[in-house]
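Below you will find the structure I want to go over with you.
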Amino acid sequence: MPQGDMKQPLLRSSRRPQGPLSDVGTDAPLVGILGTGDFSRSLAQRLVASGYRVVIGSRTPKRFSGLFPEEAEVTTQQEAASQADLVFVGLFVEHYSTLSELKEALAGKTVVDVSNGTSINHDGPSNAEQLATLFPDSLVVKGFNVISAWTLQTGPRDGSRQVLLCGDNVAAKTSVAQLCRDMGFLPVDLGRLSSARDIENVPLRLFPVWTTPVVLALSLFFFFYFFNFLHDVLHPYVVEGKNVFYKLPIDTVNVTLPAVAMVMLALVYLPGLLAAFLQLWHGTKYRRFPGWLDRWLQGRKQMGLLAFFCAALHAVYSLCRPMLRSSRYAILNAAYKQVKNGPPEVWDAEQVWRVELYVSAGVLALGLLSLLAVASLPSVGNSLNWREFTFIQSRLGYTALVMSTLHTLLFGWDRAFTPSRYHFYLPPTFVLALVLPCAVLLGRLALAVPCVAFRLARIRRGWERDRGIRFQLPEEAANGVEQHISDV
Amino acid sequence: MPQGDMKQPLLRSSRRPQGPLSDVGTDAPLVGILGTGDFSRSLAQRLVASGYRVVIGSRTPKRFSGLFPEEAEVTTQQEAASQADLVFVGLFVEHYSTLSELKEALAGKTVVDVSNGTSINHDGPSNAEQLATLFPDSLVVKGFNVISAWTLQTGPRDGSRQVLLCGDNVAAKTSVAQLCRDMGFLPVDLGRLSSARDIENVPLRLFPVWTTPVVLALSLFFFFYFFNFLHDVLHPYVVEGKNVFYKLPIDTVNVTLPAVAMVMLALVYLPGLLAAFLQLWHGTKYRRFPGWLDRWLQGRKQMGLLAFFCAALHAVYSLCRPMLRSSRYAILNAAYKQVKNGPPEVWDAEQVWRVELYVSAGVLALGLLSLLAVASLPSVGNSLNWREFTFIQSRLGYTALVMSTLHTLLFGWDRAFTPSRYHFYLPPTFVLALVLPCAVLLGRLALAVPCVAFRLARIRRGWERDRGIRFQLPEEAANGVEQHISDV
Amino acid sequence: MPQGDMKQPLLRSSRRPQGPLSDVGTDAPLVGILGTGDFSRSLAQRLVASGYRVVIGSRTPKRFSGLFPEEAEVTTQQEAASQADLVFVGLFVEHYSTLSELKEALAGKTVVDVSNGTSINHDGPSNAEQLATLFPDSLVVKGFNVISAWTLQTGPRDGSRQVLLCGDNVAAKTSVAQLCRDMGFLPVDLGRLSSARDIENVPLRLFPVWTTPVVLALSLFFFFYFFNFLHDVLHPYVVEGKNVFYKLPIDTVNVTLPAVAMVMLALVYLPGLLAAFLQLWHGTKYRRFPGWLDRWLQGRKQMGLLAFFCAALHAVYSLCRPMLRSSRYAILNAAYKQVKNGPPEVWDAEQVWRVELYVSAGVLALGLLSLLAVASLPSVGNSLNWREFTFIQSRLGYTALVMSTLHTLLFGWDRAFTPSRYHFYLPPTFVLALVLPCAVLLGRLALAVPCVAFRLARIRRGWERDRGIRFQLPEEAANGVEQHISDV
C-alpha cells in the first residue's frame, strides 16, 4: 500500500517533511473516528495533515495504534465518541448495531456515515438512514463515501475533488462541508438525508449514462458490419467466386464506421425535433414529455461523442488505405494494364471531382465534430455561457450534420441509382445511412418555415392554445430553458 | 420541458426519490421568490432539493401553485416578501415598478436580482442598479443570471458551475454565496454592485475574445485562397490552357491553411516582442502599453489555438492526398511514361531528402502544437504553476514556431529562386507565409543578444533609464508579472 | 505591463467600469499590504475590486502612491500595520528584518507571507517560518505565492485558481481562505506552517513528476534510434553498399517510436504486477513497498501519456509514408519491373492479410489509448467515480496493451525467425520491443490463475499469512485502496 507522500498530499513532491506536525496545538478541533480499517487510517492521516486533532475509537485500541499516525490518539470507542463533537463512523453497515452503547455519547453530535453498499440499492433504506434510526438524537450526515482511501492518501490528484454530502441538519452539514474543504475536497450539498441512497449508489455505478448509447452504437455497428459483409464480401464470393475476405479487418469496418457515425449523429438531433413537434401538437410547453424522450434528450452528449469517435476512426482507417498492401497491388496491376492496353493518359474528370469533393466535405465535417467534442470537455464547457454553449452544440452541430450528409451524398454520387450496386437486392450502405440524417435535416427545415417557427416561439414563451391568452411573465424570455430544445 | 431528474440533480440517475423531502423541518432557512416564470420554478425546485424552505410570491397565487413543487408555499407577493429574509426577484426589469408596494417589507433584507438584459448594455444602469434605486433600504445582490433555468433543473452538469455575484453589502453577498454553494454552484465575487452591468452582459456575449482572432484568420484564409487561386489554378488555365480547377476543394485549401497557420502563429509571438522593444525604447516598464497592444497580448491564446486548428486541418488534408483519384491517375500516368521512355529506375535523391525532411519537421511541429493546445485546456492549465505555464507557452511555443518555419523552408527548398515559379509575377505562397515568422524569429534573436537581454532584464526588475537608480524592492523578481512578456 | 482589464477581471470584457468603486463604504473590511512592488500593486487592485478597503505601508509613501489604485491609501508601514487586522507582507525575505519595529503593531494579527524563494529549498527554514520567528506574537499564514502578479491582475483565466495555504492558527487561516475566495481563487489548506517550505517550492518546480518518465522515454528513444540506425541504415551501407541514409528523418524514427511506446506502456503496468507479487510473497498488504516502487506507481500516468504521444506520432509518421517521394519512386520502379518481367497480376495474399491485420490492430490500439488519454485529463477524470476510473485505466489499458502487442506480433509475422533479418546479429527491433509487454501480459495471466487470484484477494481484504485469522473490519472491502493495485 503506497503511502509515501501522505503528509503533504497536495504537493507534487514525494519528500516528507519530518517535523513539528506532532505538536499540533490543543486549539485545533478534535475529530473522532470509529473503526480502524484502511479508510479510517487514511482519513486519520489526512485529518492530522490538515491540522485537526484526531481520536480513534477501536474495540482493541492497543492492537491498532501502530497503524495510525503518531499524532492521533487511539482509544476505546466510548471515549472517542465522548470526546469529539464530530465523529466519523468507519464501520460496515452490518456492524452498526455494535455501536448501540454509544447512543448517549453521540447524542446531539454530528455523526458522519462514510459507508458504501456492495450492490446498487434501489428501494431499501440507505446505510445512513439506518444509522440515523439507530441514533435518533445524533445529527447524521452522509458523505465521503465517494472518496477512496487511496484518494485520501494521495490527495485529489487524479480523481474527483467532489464530496457529495447530505443530511437533515443544516448546521451539522455545514461543519462537515468545512472539514471537507479543509482537507482539500469540494463539498457538494445534495440536500436531505433521503438522498443518501443515491449518494451511496454513486461509487457503484459504471458509466450509467453511457450504457444505452454504447449498446446502441454497438448494435448499429454489428448490423451494418453484417450488412456490409453480405453486400461487399459474400456477394462477390458467391456470385463471381471472387475471394475478397481480406476486406474484413479494414475495408468492411471502414464502411461500417461512417454509417454508425451518421446514424448516431442524426439520433443526437432527432429528440430535439420530436420535442418541438410534440410542443406544436399539444399547443403548450407545460406538458411533460414522455419518459423515453426525456432520457433520450439527456443522452445526446454521449451519442454525439460516440458519433465523433466513429468518425475519427473512420478517418484514420481511410488514411491508412494507401499504406495497405492491397492498394499497392491494385495500383501496380492497374499500371500494368494501362501500359499493355493503354490509354497513355488516364483522367476521369468526374471521378476526380467526386473524390476531391467528398474528401473535402469529410475533412470539414471531422473538423467541426472535433470542435464539438472539445467543447464537451467539462473544463471547456464550464467556460462557456449559455448562448455560446447553444451556439456550439446547435449551430456548429447542425453544420457538422449537413457536412457529413454532404460527404456521404457526394461519396454516393449516382451510385444509388446504379442497379449493379444492389447486391442481393440490398442497397449500398450509404443509402441506408442517409435515411435518418436526411429525415432530421428535413424536419429541421420544416421547423424553420416562418409560420411554424413563429408558433413554436410563441409556445416556448408560455403561450398556450387551449387557455387563450394567458398572463405571461416576461422573464421567461430571459433565462430560457426552452432554448435548450428550440435551438437544437 | 424535461425536468425528469430534478430532485437529485447532481447524481447521474434519472430515478427520483419519492420520500420524506416534503417534511422539511421548520429549522431550514426560508427563501422567498417573487415571480412565477420558468426560472422561478426551477429555482424553487432546486432550493427545495437543497434543503431550503421556499415561499413564492405571486399576484395570482392560486393559479400557479400547481406549477411549483409541493413543498413550496405559493402566496401573495406581500406575504412572501415579509416572511423571508432573502428574496429573489424573478421578474423582468420592466415590471420592477409593480413591486413598489413591497418597499417596506423588503427593507433591510437581501434582495437578489437574477434578471438579464436583451441586448448588450454599454452605458445605461444595470437592472440590479435600477432595482437598488427602487429599494434603497434593501441589500441588493446581483447573481444567478448566468445560470439558465435548465442548469438549475439538471444541475451543473454540462455548463459552468460558476455564479458571478456582486453587491455593495458584504454580509448580504456572503449569504447569497453560501446559498449558491448549497445548491452546488461556485460563487465568484466580482465586487461592488457597479459590476452588475458586466455580469448582466456575460450571458449575452458570444465568444467576445474569439471575434477578432477568428475574423483575422478568416481574412487571411480568403486572402491566401484567392492568391493561390490566381497562382496555381488561374495561371495554368490562362497561360497553358490547363484545366486544374479540380484543385479548388483540396489542393488550394491545403496550400492556404499552412500559410494561415504560419502567420497566426507568428502573430502570437509578435506582440510580446513589440512589448519588449517598447520597454527598451521607453527605458521603463512603468509605462502603459497602447490599448491595441494590450488587447493583442490578451488574444494570443485564441490566435494560437486557431493556428493549431489550421495546422491540424492541413495535416489531415495532406494525409488525404494519396487517397485522391487525382494522385492515383498521376502515378499511373507516370508509370506509363516511365515504362515507355525509361529510365528503368527513377530516384532523385535531392527530392527524396527534401520531402523526408520537410515532412519530418512538419510532424514535429504539429506534435509540439498539440502539446501547446492540450496545455491550454483550462483543466490542464490549472494544474501548472507559473514556471511550467511559461515553459510550455514560451519555450515549446517558440520551438514549434522554429519547426514550422523549418518545415516551410525545407518545403520551399530552392523554389523561391526559380523564376518559373513566379506566376503572374506572384511569388509562391510559402514565400509570403514566411515573412512574418522569420521577422519574429529574428526579433527574438535580437532580444537574446547579451547586452540587449541584460538591459531588458534590468528594466523588468524595475530599473528606469530616466530616474537613474531607483529604490528597488527585491520581491519584484519573485512573482514576476514581467515574465509573462519577457519569456514569450 | 498590461493591466487593461483589472477591475472586472473575471469578465471577458476589456472595458472598465468607471464608477462608484471609489466610494467603498467604511463597512468593508480593511486589509494591509507592506511593500510596493508589482505583486503588492496587483494585490491592492484586486482587493479593491473585490470590495475590500486597502492600506499600503511603504517606507516612502509619497513616492509610490501614484502606482496604486486611487481607492487604496498609501501610508507608512507603521500606520498600515496598526490599522489593519490582516496584513500581507510583500517584501523579499532579506528585508524581513527591516520590519522588526512593527512587532508590536502586528502582535495578535494575521500576517500573510507571500514570498517565494529563488531556488528549491530542501532543508532550510521556509520564508514563512523565518517571518514567524521574527513575529512570534503574530499569526503567520503562508499563501498566495503560487499566484503571479499577472494572474492577480487578469483573474484566474489561464492559470490555476488554487491558492495553497498553511499556518498554525486555524482562525487566521480561515480568514485568509475567505479573502481568497472573495478574490475568486480557491484556497487549499495544506495544514501546519511547517508545510510552508513545500508551498514555497511549488512555483519553482518544473514538471517534477514528468522528469523521470521523460528522461526514460528519451533514453529509450536514443537507444532504439541508434539500434535501428545500425540495423536498417548502416548494415545495408556496409554490407551491400546501399545508401539508404534518407531513411534517417522518417523511417528510422518511425521504427523507433512504436518501440518506445510499447516499452513505456509495459512499464505502466509492470509496477502494479510487482506490487501484487510482493504482497503474495510477503503474505500481507501491511508491509510498505520499497520507495522506488512507490515512486514508480505514482509515475504511471505520465508514462502512459508519453506512450500515447509516441504512439500517436508513430501513427502520423506511418500515414505520411505514402506521401513521401521515396514511396512514389518505389511504386513507379515496381511498376516498371512488373511490366518488363511480369507477372501481369501480383497478389501475395499472405502479405495482404498480414498488413490488413496489423494495421487494424494498430488503429484499434491507438483508439483505446486515445480514450485513456482523454480520461486522464483532469476535468474528465474528475467526473469519474472510482469504479469508472479503475475500469478505464485497468480494463481499457490492458486491452490497449494487448492490441499493441498484437499489432507488433502481426507486423513481425514470421520475420523473427528469418535469419536474413538479423543484421549484425541484431534481431529486428520489434523483437526487442516485445520482450517487456509479453512479460507483463504473462505476469497478468499468472495473477488471473484462480488459486493465485483468490489468495491475492484475501490478502487485499486484510488477511495475513503470519498472523492467521485476524479480526477483519469489513469496511475495508468498500472503499478499497487495494483496488488501485489489484486491478492494474
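Order of writing sets the labels: A, B and C. Residues in every chain begin at 1.
Throughout what follows, contacts are C-beta pairs under 8 Å (C-beta built on N, C-alpha and C of every residue); 3 or more make two chains touch, one makes a residue touch a chain.
Keep in mind the model is a prediction, meaning the values are calculated, not measured.
S.K.: To lay chain A over its twin chain B by CA atoms, how big a turn is needed, in degrees to the nearest 5?
M.R.: 120
S.K.: At the interface of chain A with chain C, does the proportion of residue numbers present on both copies reach over half, so same, or stay under half, so different?
M.R.: Mostly different residues form this interface, as fewer than half of the numbers used are common to both chains.
S.K.: Roughly how far is chain A from chain C, going centre to centre by Cα mean, in whole Å?
M.R.: For chain A versus chain C, the centre distance works out to 23 Å.
S.K.: So which stretches of chain B touch two or more other chains?
M.R.: Within chain B, residues 202, 205, 319, 322, 331, 335, 339, 377-380, 382 contact more than one other chain.
S.K.: Over in the complex, which chain A residues touch chain C? Could you list them?
M.R.: 1-5, 7-8, 10-15, 17, 19-21, 24-25, 27-29, 35-40, 42, 49-51, 60, 67, 90-92, 94-95, 114-116, 118, 145-151, 153-154, 158-162, 181-184, 202-207, 246-247, 249-250, 253, 309, 312-313, 316-317, 319-320, 322-326, 328-329, 331-333, 335-337, 339-340, 377-380, 382
S.K.: Tell me, which parts of chain A touch chain B in their complex?
M.R.: The contact residues of chain A facing chain B are 122, 164, 168-170, 173, 177, 187-192, 194-195, 197-199, 201-202, 205, 208-209, 275, 285-286, 288-289, 291, 293-295, 297-298, 301, 315, 318-319, 321-322, 331, 334-335, 338-339, 344-349, 351-357, 359-360, 363, 366-367, 376-389, 391, 462, 471, 473-485.
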